[in-house]
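Both of the next two complexes hold chain A, though its partner changes from chain B to chain C.
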Partner chain A sequence: MTADILIQVLVSGLLIGLIYALVAVGLTLIFGVMDIVNFAHGEFLMLGMYASFWAFAIFAIDPIVALPLTALLLFAVGVIVYQTVIRRILKAPMLSQIFATFGLMILLRGLAQFFWKPDHRLIPHSLVSGNIALGSVQFGLPQFVAALGAVGVTGALWMFLHRTRLGTALEATAIDREAATLMGIDGQKMFALAWGIGAACAGLAGGLIATFFPIFPEVGSNFILIAFVVVVLGGFGSVTGAFLAGIIVGLIEVLGGFLIGPEYKTAIVLSLLLIVLLVRPRGLLGKA
Partner chain B sequence: MTTATILSRKGVGTIALLALAALLPLAVTEPSQQNFLILILMGAQMGVAWNIVGGYAGQVSLGHAVFYGIGAYTSTMLLLTLGLTPWIGALAGGLVAAAFALAMGWPCFRLKGHYFAMATIAVAEIMQILVTNSDALEGAVGLYLPMDQSGWGVLIFLSKLPYYYVILGLLVLTVLVSWAIERSHIGYYFRAIKDEPEAARALGVSLTRYKLIALTVSAFLTAMGGSFYAQKEMFIDPGSVFATTISIKIALIAILGGVGRLTGPVLGAVILITIEEYSRTLFGSTGSGTDMIIYAAMIILVAVFSPSGVLGLLGDLHRHLGRHLPGAKPAGGETSAKEIRP
Partner chain C sequence: MLQPTLSEPVRPVAAVPQGEAMLQVRNIQSSYRRVPAIRDISLTLNKGEIVALVGGNGNGKSTTLRAVAGLNALDGGSILLKGQDISSVPAHERVKRGLVLVPEGRRLFPRLTVEQNLMLGGFTTSDAAKREQTLQFAYDTFTVLGERRRQQAGTLSGGEQQMLAMCRGLMSQPDLLMLDEPSWGVAPKLVTRIFETIQLIRRRGITVLLVEQNVHRALEIADRGYVIQTGRVVMEGSGQDLLGNDEVRQAYLGM
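Up next is the complex of A and B:
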């Protein structure tokens, strides 16, 4: 009996952890390439959720089917954000950088509230719904599909970074911008690309969870702090690290919530952030 | 220009400003407008206090709500359980916050830049969760101050005017502490830590020690601001004093006006609170998002176009005009004044 509950808890933790990983890989990619922490990352996820919602509400397209569209749309949002705001603060003091992306966070929330009202919205009757039972362990099909999608997208990103010319150029920029520039890589283009991909990843995460998570303007705040913890634990800039850390954070959150009390689960995850920062600031796989 | 004339010009300006602030409620008698002035002074006080660690010492805290909340809860709990006057309660709150700052700063100051900022967010968020789930502090329900008492002893008033003078006094105290630090050798160490940490260390300045001093003093003053908030609102809950949005607002006030300068946060508070309140009354507060959009647009504009805040912008403008107007002071006026200062 207890073993069953434990397995149930671990499965839920794994499923949510994979989503955290997908949100965090975009954040860590942006940080790795240009040393900027994007406080508006949760809002990219929020926009992805709304993109799914409107595709469903207006065109009756299922969130899962709309995923490529969501990714494309959020890629465009990421590039636009880079070109209009981020490009201008590349050399600004850290304080300005923090507040520029922080301002973006509030701006996107405000715009969502203005155009779409602060109501909680749900997508009913998605293609994926219902539960799966494996022996005594039960979990929702939407959660399972979302986690599977997160694995797929993170894997695709890894392949892109390590197996394509463009991806390698992006990695090179992250490692040493000046050397990359000398090799003929256009840094500005790489930065824009990082923002596009980062936003698309968060948007995809949004599209994937839109089948079971309520959609509202402030939904990003549920994810941004956890994404920070994942990025720090995985090591700033490390996509593989973020993937592993996402799973670990998901497990700790659900397990901690189960053992100590669900009201403390965020506090437990944030304590993990403090511990990692103090004991091993470069995280699991970060550069020293 | 000699030191004496600069100082006396500044002195006259300060006294005039103080007199203006003291007499302002005589002209502004509408309670809602007096409340608006109080909000500006509260914002300025938070900003000046934050500026000590975030501006002078350059350690960006995005978790100052933790000190604000500690101040509010300490004085309120002392008043509710022991009947202790908030005059002493606010000092006790300051001490508790200072002790907390020491305990938190000791490990956290090993972190730099983004990492330190993130750690402070985490500490404040954890604290908010703990207080929300604490039965002794009434958790999410919050604490009400006694409604049946009023007067200077319990620092609860039926009109706005006394609150105005209390917060003006607290702001003056905070500015004085900040000014004393700016002029003392500690202030020079702070700026050295901010601009040239390695050089400062090489010269034997203990970085951690001075960062801790900055955080502790800042925490003490921020907590007193929190106690005032409790007295004025007569109700506190974790969401109203420990929230991350408060931490951000505190830092934003300083950044908007100009970090690392004495008058920056005061100017920042005037601008921020004015825009906040007016966009709220103009466009309504019921979740239309308009106030957030304006607030955000402003943050982004300042971050992108004027990293040194509105004061920096004014300085640029002054230099710009100086170059083009015949007979105006040359560009170097401001910087040389800084160098003359002892």
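Up next is the complex of A and C:
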């Protein structure tokens, strides 16, 4: 094995890892703020991809240009889902909460199949297409742009949570909802905000992925399983943890696939999940 | 002893001149997991007073504060703040109206910094200059908070955490501050500081409702006190009267 190949593998792993991170940060944010696992998160990603597709097919807007619109649209979807479904199950038993978001997943997939057909669709000739070669290392421009986007979005989210009043209020709600209420913070608004931001992150991920990945109603399942691994590894609720864990999972997946065989890459990642759950169940940066 | 019967009829509250009272609690009832925690509590706090609630553990003191703050729902009765009925106002809205609870166990945000905790206390204050002013008061009064403002709140000592919690409660410039067990978990040499601070808070024109296990010290600084037993007010009087009362001394002061 030469150094060139190793670098190629590491770069590919880093790029895919950053995309996993972007899908996972929204999921971990929602969980961190309200302890609800959103099984429909992959479907938010799917909606983001379709939003990009239709923006391209109907208005000829490139997915990258459409990103702000996709984010805004998915923010609205997140808030609507919170107000119509999640708000009613806040105090429900955990099983009801799981079934509610699981049911939402099936509903959104079904609607997508019904309205948009199960066909695989592609966005040809996006602004970002083709490959970049740096010496002997090659990677796709869309993947590179998506990874950059992931860094930008995660960074912006971190800044929001740690450097703004509203973000700190969201963080405070995540730490102790009742104490946050005593500060005059409206928990309901913060929950709706978390869903909006979480869904917007998934939408942005969808918009970025749509430049190089086929779009179909079940597309979310290709990412959501890995996203759960990332959330667990990073520590439930930790945005920084999800970011680091996404990179680690991406590297392990590509490196493992290269060393052992690509058909085993998912098995390798899921083995990692089992090891984390056994050795450090709270993840890298999770709350104890 | 202080033993009211459960069948005792609900007493009408003595008329209080409107506009004088900061807080009027009228015959409130509240339950925790369907078990009545407070059965009939009526209190009146005049503007600028320190009022103490005393009584043994599990008699409903904390529940009373939580009900006034809006964290626990009422089964009956009403709560008036500055003459306005706030019984159905949500808890976070009550902060905007000038009512703040510093809860039992402080409930700081441990992984946020001292300054972030304080700024959250001023979340309802949209005027940045006002927030800055109160922040400066906190740092001037407790220099240790200023020195450690970039430190995580969870790393402070018990006494420092309590001072931070009280300052956080002041950040929204409330009219009424409710303190639940402020000397809990505080080193004995700092307890005096806590009680001095409560008096300092009152000198800033803030009305204080105090629940405290340290009954003696609480009644010493309180203008008036209420004795609560099994969810009812069984006695009320000035701090000095209650301190001198034989029943109170036997029941709560071990004298």
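Here, the second predicted complex is superposed on the first by the 287 of 288 C-alpha atoms of A that agree within 3 Å, B and C clash if a C-alpha of one lies under 4 Å from a C-alpha of the other, contacts with A are read in each partner's own complex, and residues count from 1 in each chain.
Operating definition for what follows: a residue touches a chain if its C-beta (ideal position, glycine included) is under 8 Å from a C-beta of that chain, and two chains touch if they have at least 3 such contacts.
Everything quoted here is computed from the prediction, not taken from an experiment.
**Q** For A:8, using the defined touch cut-off, is the partner it touches chain B, chain C, both, or neither? Pick first, second, both or neither.
**A** Once the two structures are laid over each other on A, A:8 reaches no partner at all.
**Q** Could you look at A:225 and tell me whether it touches chain B, chain C, both or neither (first, second, both, neither)?
**A** First partner only.
**Q** In the superposed arrangement, which partner chain does A:182 touch: chain B (first), chain C (second), both, or neither?
**A** second
**Q** Touch test for A:240: chain B only (first), chain C only (second), both, or neither?
**A** In the superposition, A:240 touches no partner, neither chain B nor chain C.
**Q** May I ask you to name which of chain B and chain C touches more residues of chain A?
**A** B
**Q** Please work out whether A:171 is in contact with chain B alone, chain C alone, both, or neither, and reply first, second, both or neither.
**A** second
**Q** Could you give the residue numbers on chain A that contact chain B in one complex and chain C in the other?
**A** none
**Q** Can you list the residues on chain A that touch chain C in the complex?
**A** Residues in contact with chain C: 165, 168-169, 171-172, 175-176, 178-187.
**Q** Would you tell me which residues of chain A are touching chain B in their complex?
**A** It comes out as residues 37, 85, 88-89, 92-100, 102-107, 109-114, 117-118, 217, 225, 228, 232, 261, 263-264, 266-267, 270-271, 273-274, 277-278, 281.
**Q** Under the definition above, what is the set of chain C residues touching chain A in their complex?
**A** Those in contact with chain A are residues 69-71, 90-93, 95-96, 100-101, 103, 107-112, 116, 119-121, 123-124, 168, 172.
**Q** Quick check: in the complex, which residue numbers of chain B touch chain A?
**A** 54, 60, 62, 107-108, 110-111, 113-115, 117-119, 121-123, 125-126, 129-130, 132-133, 248, 251-252, 255, 259, 287-293, 295-300, 302-305, 307
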